[in-house]
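Questions regarding the structure given below will be posed in turn.
Read from first to last, the chains carry the letters A, B, C and D; within each, the first residue is number 1.
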Amino acid sequence: MTIIVQNVVRIIVPFILIFGSYVTVYGHISPGGGFAGGTILAAALILERFTGIKREFVFSKELCLKGVAVSLIGYGILKGIAFMEGALHIHIISWPLGKPGEILSAGIMPVLNILIGLIVMMAFVLLFDLFNEDHSMEGQ
Amino acid sequence: MSFILILPIILPMIMAMIIAQKNIIRKDRLMAFAIFSTAMTSLIVFFIMFKLPGTSLPILHVNEFIDIRLKGDGLGFIFAGLASILWTLTSAYAGVYMKHEGKERYFFIFFLMTEGVTMGIALAGNLFTLYAFYEILTLTTFPLVIHAGTKEALYSGKKYIIYSLFGATLILFGMMILFSAAQSLEFTAGGLAQLLKYGQPDLLAGAFLALFVGFGVKAALVPLHSWLPAAMVAPTPVSALLHAVAVVKSGIFSLVRMTFFIFGPALVMSMHLRAFLLSIVLMTIVFGSFMALHQTHLKKRLAYSTISQLGYMLLGIILLNEDALLGTMIHLINHALIKIVLFFCVGAITYSTGKKYIYEIGGIGRKMPVTMMCFSVASISLIGIPPSNGFVSKWFLGLGAMSAGQTLNIVILLLSAFLTAGYLLPIVVGAFFTKTASDIADEENLDPPKAMLIPIVVITGLVITMGIFPNPVIGYLQVAIEKIFL
Amino acid sequence: MTILFDNFIEVASIILFAIGFTTLLVHNNLIKKIIGLNIMDTSIFLYFISIGYIDGAHAPIFTEGVTNYVNPVPSGLMLTGIVVAVSITAFALALIIRLHSIYGTLELDEIMKIREDGI
Amino acid sequence: MNIIGSTPLLLILLLLLSSFTLPFLKNPIKFSLPVLGALTILSWIHGLLFIGGEEYTIQAGHFEAPFGIMLRVTAVEIAIGLLFMTITTLVIWFSASQFHREVGKSQQKTFLILVHLLVASLLGIVYTQDLFNGYVFIEVSTLAACGIIVVKNKADNIKAAVKYLILSSLGSGLILMGIAYLYALTGYLDMTFIHEALIPIASEKSRMILISMVLFMTGAGIKSALFPLHIWLPDAHTAAPGASSALLSGLVIKAPAIYFLKICVLVYGYEMINQTAFLQLVLLFSGTGMIVGSLFARSQKTLKRMIAYSSVAQMGYIFFGIGLGTPAGMAIAVYHMIGHGVTKATLFLLASTFIDKLGKKDSASLKGVGREMPFEMAIFSLCGFSMVGIPILPGFISKWNLALATIETGQVWLLAIILVSSVLNAAYYFPITINGFFSEEDGIKPNNNPVAKVPLGILTVLLVMIGLLSGPILSLIEKALI
């Protein structure tokens, strides 16, 4: 990649990341959410990989896999508790219903969104890495 | 006490399991153990027959149709008693005979298991139980058929199992229709009353035909007979017991059960199938006899003779009256006794001299006098010369044909008797009145060892007794049969 | 005719579905098959979302003074559908890459031929 | 009671969670097996407590249907759920000693992750009452199933998996289209709500309803290997490692069928499906499958391929039961799924054992195996007998009841199909038994790889018990399906 592209990407990527985070975090009160945000975040990272920019902190395959797993566990536990509560009609924790416009007002919703964002981002990066180097098995 | 009804079935199976353990029963004690087991079984059978008639024992009730139930009645006891006595005698014979065939332990395991299964067929209380044992019979006799393990034996075994499965499928088909029509498969003397009220008689006729042909496969109904001659590759005790007594007679017995205890004579009579079935059965009789004339292999000749004789029994069933059924049942007993003697004698010849063909055994009567005397007695009985037991059964069959108005059948019976004479007497004549073939050993007496000879003589004795004093058995059967035609 | 024009989204989605379906079945190239698959999926998404769409309504986010919302359920469902389609595509592509590295071709009939010759 | 009552939901969640935990573990089998075992016991407790009870629904999350997702719990779902849990546990238990020899230790972790995921999604398909939720679970199960095919990293496996994946995606596309049609018609995704909404418009929109039925049939048919759409199955089930084949043939192809059955019963209802020619179509396909599948199976030389084709025929039985369109027929379809699931899983495990021990794949090499491995061969024969239809065993009972249900609907001629098919079954299972026990040996000495006999024993006991308890099982299932 030419230096022009690399430099442009270097400038753009942080903004994309910020935008992705915004979309992720605001998922429950505006259009967007974990999946959309995660995709944007992943796009930024993949863009970096495309242009061949080296960073000190890289999402390696191992890290991505573990990250996906941890995030999934977290998501599963939180969502599972919510499911079970609903299923049993016990409602131990009274989740706040949230106020329009306030990010941290909706109980576990923002947390879930962030976790989904992480999962999607890392899964996409993982997939990209897999395709890029090919010859390795799918571990999704 | 009704639990005792299961003993004749379970006991041989347990004994078979014990025999399978090499460290419990030594090889030289196999025969004694087998005789002990079979004798115990026949004792139990006769105990039930006289002390506890009419007991019934539910074993497994899953739902209305999967309902394994045992029930003893006259016909069942006669069959069970006959089979258990013959089994006892055969185990003595086989103990010696199998020494030259090898793999005795293997033989006795399946031999005893088959006895249990046959008892199950005899004592089955409903069609489902009968069918279950009938299928298992195929599986347990199969290893006996292919005992030799040669290519020919395997081929015959395959033939046997394919024919049997074809039959079983037809039986299943018939049972499905029957069950959906009657909601019960319980054996009831005179037939299930529900069937008479069923709205689709054509469907029932189809079911009857399917069941008749299905059970007919084991009863060697022509043109589904060809497994029987092929199965003669088995060792002689197996041929004798299984293919002259257990398997084919199970087929006949099942047909009796199915015709008279499920459908009932009245219903079958109304189906207008008789002309068709009669033609098949008469063909079986004549075809079997003619084929027997052509055979030079001794066992094959006897096998075709069996086909023809089985035709008599089938005839008695489809004539659908009391005399004919009585004839069938008596002939079932008589033919079993006679055929087993014939087979044992042939086996003895093979055992002593290694000869298998008719043209090889000229003059053998002088070397094996006892064996060939028994053979002659059995032959004369099978032909049906009075006062032999063959005459008794043919007499009743003839009576049945008369009262059914089928005089043609009597002509066929006579013709077949001539043919029987035609294929058995040459052996007897050849054995006694021709020069001894040169390659038979010069020893004075070639009669087999006592353990083989005694069963032959005992059964011949039974044959003669049945000819001279048939009345106790006839009386017993008449009581059992009366209920059907009420 | 007017019916066709009135329901142009449905018609379009059916046409797309047909295109995807035939691509999937007819083409021998594995990548083209995957493309066909994606077209097919997309047509269904289009159809689904068009069911929930109400002309002139607002996005289903609580805002002061707005009463008519678009039905959010189909969109939500299709989001899930897209995730599924993406993962299937990704997985299929991964497998196809492996296949390519083994056989050196993406044409199904050629792979068959190689297999027959080779084994 | 509430907590035990919501076991199905808990099972799915815990399986998913445990699946994500596995990547962190050094010795995954030591974690996976106890978890599966515990969950199986849990599901048995739940099953035994609730199988005779009233039907009830579990609400997943805080919303009631039609907005939220509901899980439906009746005897049908419980029975199939128990089957899935139990078989998976036994297969994993069995494969613990064998899997690494076939595939390699490194892949075992991936395999276990995928199996957990697979079972969770299969249970989801079984229990869900929401069409779209079912679709998502079906897709997850497809991915996981492809995954357990390609854990054995061979060209055959990858090709089979690609074939399976592509056809299967086609199937799920069709299912999704069917869902879209129903959603457009009614505006609901919950099965019972759709049913309520369909009744008033049934005659008016009958053509649209028919189209959706055919879409579901084709979609589920592809995934469940209904006859003309089965082409992916033999490749996939043959190439996969033994444990995977057992799971694929025992469970994975059953799940879309039960989804289809639930759609028929809950979404359309007996009245609606019987009014259209749609059932005749199902009967036609399944009937052909029963016969042609067996014919194909007979002509196969490799053991696993033969068993795989036999699955095609057996799936024919299941769809045949559905095609009869009566509660009795549906109940037999469910019963046959249970019986066939256990039998086929056992058969595949045994097949892989034989291949492992003898190092040969064709069924002719099994000559005399019965003398060396009497226990395994005896079980193989028993399973074969069940397929052929020896009384008391489950195969016989499904055939028998299928025949009775067929006579009840007045289509007696269909009996011929059942009977011909069972004769054909005999034609390919008996030779193996006969050769196994009675042929002279070829001189191949099996190696001494250990075989886990306990799970095989349990599977056999299950097989016999399913046959013996067929009366209560069938009546419970039928009660739930009316």
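Basically, a contact is a pair of C-beta atoms (placed from the backbone, for glycine too) under 8 Å apart; a residue touches a chain by one contact, two chains touch by 3 or more.
Owing to the predicted nature of the structure, the values given are computational and were not obtained by experimental measurement.
Among the remaining chains, those touching chain A and also chain D are C.
When every chain is reduced to the mean of its CA atoms, the largest separation from chain C belongs to B. The chain occupying the central position, as judged from C-alpha centroids, is D. Mean C-alpha position of chain B lies 45 Å from that of chain D. One simple way to say how far apart two chains are is to compare their mean CA positions; for chain A and chain B this gives 80 Å. Centre-to-centre separation of chain B and chain C, using mean CA positions: 69 Å.
Averaged C-alpha coordinates put the centre of chain C at 28 Å from the centre of chain D. The set of chain A residues touching two or more other chains comprises 137-138, 140.
Within chain C, contacts with two or more other chains are made by residues 87, 91, 95, 98.
If you check each pair of chains against the touch rule, the ones that pass are A-C, A-D, B-D, C-D. Touching chain C in their complex are the following residues of chain A: 29-31, 35, 100, 127, 130-131, 134-135, 137-138, 140. Within the complex, the chain C residues that touch chain A are 59, 61-62, 79, 83, 87, 90-91, 93-95, 97-98, 101. Chain B makes touch with chain D in their complex at residues 60, 62-63, 65-66, 128, 131-132, 135-136, 139, 142-143, 146, 149, 154, 157-158, 161-162, 165-166, 169-170, 172-173, 176-177, 179-180, 203. Partner chain B is touched in their complex by these residues of chain D: 388-392, 397, 399-400, 403-404, 407-408, 412, 415, 419, 422-423, 426-427, 430-431, 434, 437-440, 468-471, 474-475. Here chain C touches chain D in the complex through residues 17, 20-21, 24-25, 30, 33-34, 37, 40-41, 44, 47-48, 51, 73-74, 77, 80-81, 84, 87-88, 91-92, 95-96, 98-99, 102-103, 111, 115, going by the rule given at the top.
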